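See the structures that follow.
Okay, so chain A shows up in both of these, paired with chain B first and chain C after.
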Partner chain A sequence: MPTSEQTLDEILSLASAQFKVPRDKLTPDDDFFKTLGINSLQALDLLTKLENHFGIELPDYELQGVSDFRTLAGKIQARL
Partner chain B sequence: MNSKTLLSHPEGSEGSAAADTMNQFTGKTLSWELSNGVIELALHRDPCNEIGSATLSDLEQFVDALRGLEGQAHALIIYSQLPCGFCAGADLRELYRRSQEMARTEAARGVREYLERIHRVLNAIDACPLTTIAAVHGVCFGGGLELALVSDLIIADKMARFCFPELRLGLIPGFGGIPRLKRDLGNAVVRDLLLTGRSFNATKMQQAGLVSQLVGEGEALGAARATAAQLAKFDRDTVAAAKKFIKPIPYSELLHEIDIFCELFMRPAVEAGLRKFVESTDAQPYLP
Partner chain C sequence: MLNLDEYSCLGEALRDALDRWPSEVCLIETDRDREKASLTYADFKKIALPLARALRDAGFYAEDRAAIIMSNQSKWLISAYAILYSGGILVPLDFKLTAAEHLQLLQHSGAKLLVVEYYLWRAIMQEPEFQNHRLTTVLVTEAPPKADLAGAKRWEEFHGTGEPEFVKRQRSDTACIVYSSGTGGRPKGCILTHQNYLEQCKSLTAWYPFWPGVRYLSILPTNHAIDFMVGFIGPFVCGACVVHLRTLRPEFVRDAFVRYKITYVTLVPMILKNLERGLREKFDQLSPAKRSLLNASVALNKLLTKNRPKAWLSRRLLPQVHKAFGGELLALITGGAFLEPATAQFFYDLGIPVANGYGLTEACTVLTVNDLKPFRADTVGKPLPGVGLRILSPDSEGIGEVAAKSATVMAGYLNDAELTAQTIDGGWLLTGDLGRIDASGHLQLFGRKKNMIVTEGGKNVYPEDIETVFDGLPVKEYCVFAANYLWPRKALGREMLVLLLRLEQNQSLTDALKEEILTRNRKLPDFKRAGGYLIDDKDFPRTASMKIKRNLLAEELGRRFDRSAVIEL
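On to the complex of A and B.
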């Protein structure tokens, strides 16, 4: 099972690739809505990518109040 | 436009004349084309094919034309030309705006009329003798999922998401979603979809039995066309008989769903839910 840091790193890489934002522009505590410039529909795209990549299911209501990558990684780690 | 009607017929869609004999049609919200025995119905109303009065009017024209086209076809594919997805559901902004413009009793009557029109359209597609395929990408929410559910097969790409978010608005699905979900899925999955209002990815929906084929991103329409080509090999009358046998239309439950929806629609929670959606600062407030 990957460590939390590995999970976080994979999330940042996936988000970078999905929304064409350079990987070095993303940090764990960034507000991903602002940094990626995405709306809620695109956030669902990110969720789908993450679910497919990690082979998990993460209910979208778990994203309520979540806007930074580090917290998102914690949610995903809990499902691995 | 009659301001007293909740969702009245809009003034004329482009290309509406003689649509019932046309193999090709382009309207404001959708287009269709018959080619090599396959009817392709393409949705293209910005931003995400929200179903309001314009789409309903175009769908009614399509269903009228479908009766004339069925004899020349063996398959119908429904898909979206918009990048955001198949369909984000009912046009809640239009629904809210119109309901605010009308007295309560008029709004109640208007909602029922709207639902009855939607049900006529979806029932016609559901009962169509052709094999019907929904090619789904992106969001397939609410009324969009109900449109997909009338199809015989759902082919989804791996980025598709399915959701019945109606409880977030104090409502239940009103376009026939509950009876059709019950027809297609186990009750536990139906309860999860309806009672949590969460969105499910396409992999989960394939595991649940709703999605027939799961394909790569952007490949749903291609897979639907390949499936439609296979279907051309079969005798149409046999297919129609088989489909009628295995796919019951739950008419009495569909009518009951309309009654429940209309009763719920008049509650304060619904007005509050719709207002919250409409006033959201997110352009598409689809997170719960």
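On to the complex of A and C.
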């Protein structure tokens, strides 16, 4: 199982690739809506990509109120 | 459909609907691509009545208030029916609010009963104010086997035995208390009567009918006025079927259209734009020959449907597009926020009419809607039967505040006679929206008179709702405004909230202060966040009791600054 830091790093890399934002512009505490310039629907798309990558299923409500990469990583880590 | 003139309350109409179409499917619930439930009207009744009986046994009586905090699912509608059957008053709350906001509105509404999803209840239980709640019964859905429910009961095990007593209500009685906004400031609980809902349903279904076999895809939250009407009351009194999706992932929404051959769906403009973007990308990937063929088919469809939609014809001309939507879609319903005319036109040209409407919770659901005779992308349609519209103090272009008179206008705001008096004048609902009625009777909207924004996702946000998050910010004073309130523009869209800061003498906006503002802003749900800030060097005008004179301050700011002075957050 990856460590929390590895999970976080993989999320940042995936987000960077999907939304074409340089990896070095993304930091764990960034508000991803703002940094990636996405709306809540696009955030759900990102969630699907993360599910496929990590082989887990996250209900939509897990994203409710979450807007930074670190919290998102915590939600994913808890289900690995 | 049922003849709604014969009914005095929602519970009575729904009760007859369950008996009228026992073998029709009324609800389908899916989670991603897994179908979790498919209920006929008879099945629905079999689950709802024991719940109603258990509610009565638990001491829930006529006029008692019952809140529901759940995402879209069959248990939402079953619970709502059991509450209405028992003569109760529904308080549908937005499940996307924070736990603190839920507690505040539970308190304000005086709810005695709460039906809530487990994960939301868990968050509410952790709030400092939790111990002060006045709920007597809490029903929690989908709780894990050994979960601590803090005195709540499991919805799935809450059944009574024996026939429950049906409690009839009068048309003038309250059916629902629906919060249009105001969690952080002044809660605006709209008191909507059975008359409001029955008349709204009658007028809306006159233009957009349902019938057995129609499948409505429910995506907007059911607590939202539109989904409550077109994703519950409307389909049920017509014997139609509601499909609930437990996810909003675009790929599963697309699948649901095809799998369930959806007839109607309501989408907020943000989702419509997303769909448009996806379709345009697909069109761009077509080979030049196929693209030319598509363009020719669209042009022909546009010509042949100029005066009115012809679903059968559009499906033949553009079979691939319609197949992607399940092949039986009659209209995309939209409202609740500004829709770009180009987006509406894009879908109409493909043979998918967009029923763009205008309404507000204070008027039950909807006041105007596109009647498609012919389709107009540039307006929010014509007043529904029974709705009177007036433009107050129109300017030289005929633009003024929209006022509405209709049997669907609320009785008032809960516990707020002052605000009610400011909002309903001689039976006319003052909407706070600026509009014009054109020569063909269509309403066009041009902006807002109120200090508020409506997001692309259809959420109303009032500055007072978010100001409390900045409490204690180390500055001299602060205030939040809607940008379009400071700098009125005769257009909709591009709405944002602006945080106005007055710094202490010799104070500057340091990185640390900016970081604190950002951190506090992030505590708000994304749709409620301030989009920018503005620094003022003058003290805010205040009343004798030290309240900020917002209107005066807004006027001054509008004069002293322009929109470009706002710095993005």
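Methods note: the second predicted complex is superposed on the first by the 80 of 80 C-alpha atoms of A that agree within 3 Å, B and C clash if a C-alpha of one lies under 4 Å from a C-alpha of the other, contacts with A are read in each partner's own complex, and residues count from 1 in each chain.
Note that in this section contacts are C-beta pairs under 8 Å (C-beta built on N, C-alpha and C of every residue); 3 or more make two chains touch, one makes a residue touch a chain.
Here the structure is a predicted model, which is why all the values come from computation and not from measurement.
> Determine, under the contact definition given at the top, whether A:S4 touches first (chain B), second (chain C), both, or neither.
neither
> By the touch definition at the top of the document, which applies to A:D68: first (chain B), second (chain C), both, or neither?
A:D68 contacts chain C only, not chain B.
> Going by the contact rule set out at the top, does A:D60 touch chain B (first), chain C (second), both, or neither?
The answer is both, since A:D60 touches chain B and chain C.
> Scan A:N52 for contacts with chain B and chain C and give back first, second, both or neither.
A:N52: touches chain B, not chain C.
> For A:D31, decide between first (touching chain B), second (touching chain C), both and neither.
second
> Check the residue A:L41 against both partner chains and state whether it touches chain B (first), chain C (second), both, or neither.
After superposing on A, A:L41 lies in contact with both chain B and chain C.
> Take the contacts of chain A with chain B and those with chain C, and give the residues found in both.
In chain A, positions 39-41, 44-45, 48, 59-61, 64 sit in both the chain B and chain C interfaces.
> For a test of understanding, state which residues of chain A touch chain B in their complex under the given definition.
Touching chain B: residues 39-41, 43-45, 48-49, 51-52, 57, 59-61, 63-64 of chain A.
> What residues of chain B sit close enough to touch chain A in their complex?
Interface residues on chain B, with respect to chain A: 48, 84-85, 88, 138-139, 158-161, 196-204, 282-288.
> For a test of understanding, state which residues of chain C touch chain A in their complex under the given definition.
Interface residues on the chain C side: 71, 96, 98, 117, 119, 246-251, 270-271, 274, 456-457, 518, 522, 525-527.
> Could you pull out which chain A residues touch chain C in their complex?
31, 33, 39-42, 44-45, 47-48, 59-61, 64-65, 67-68
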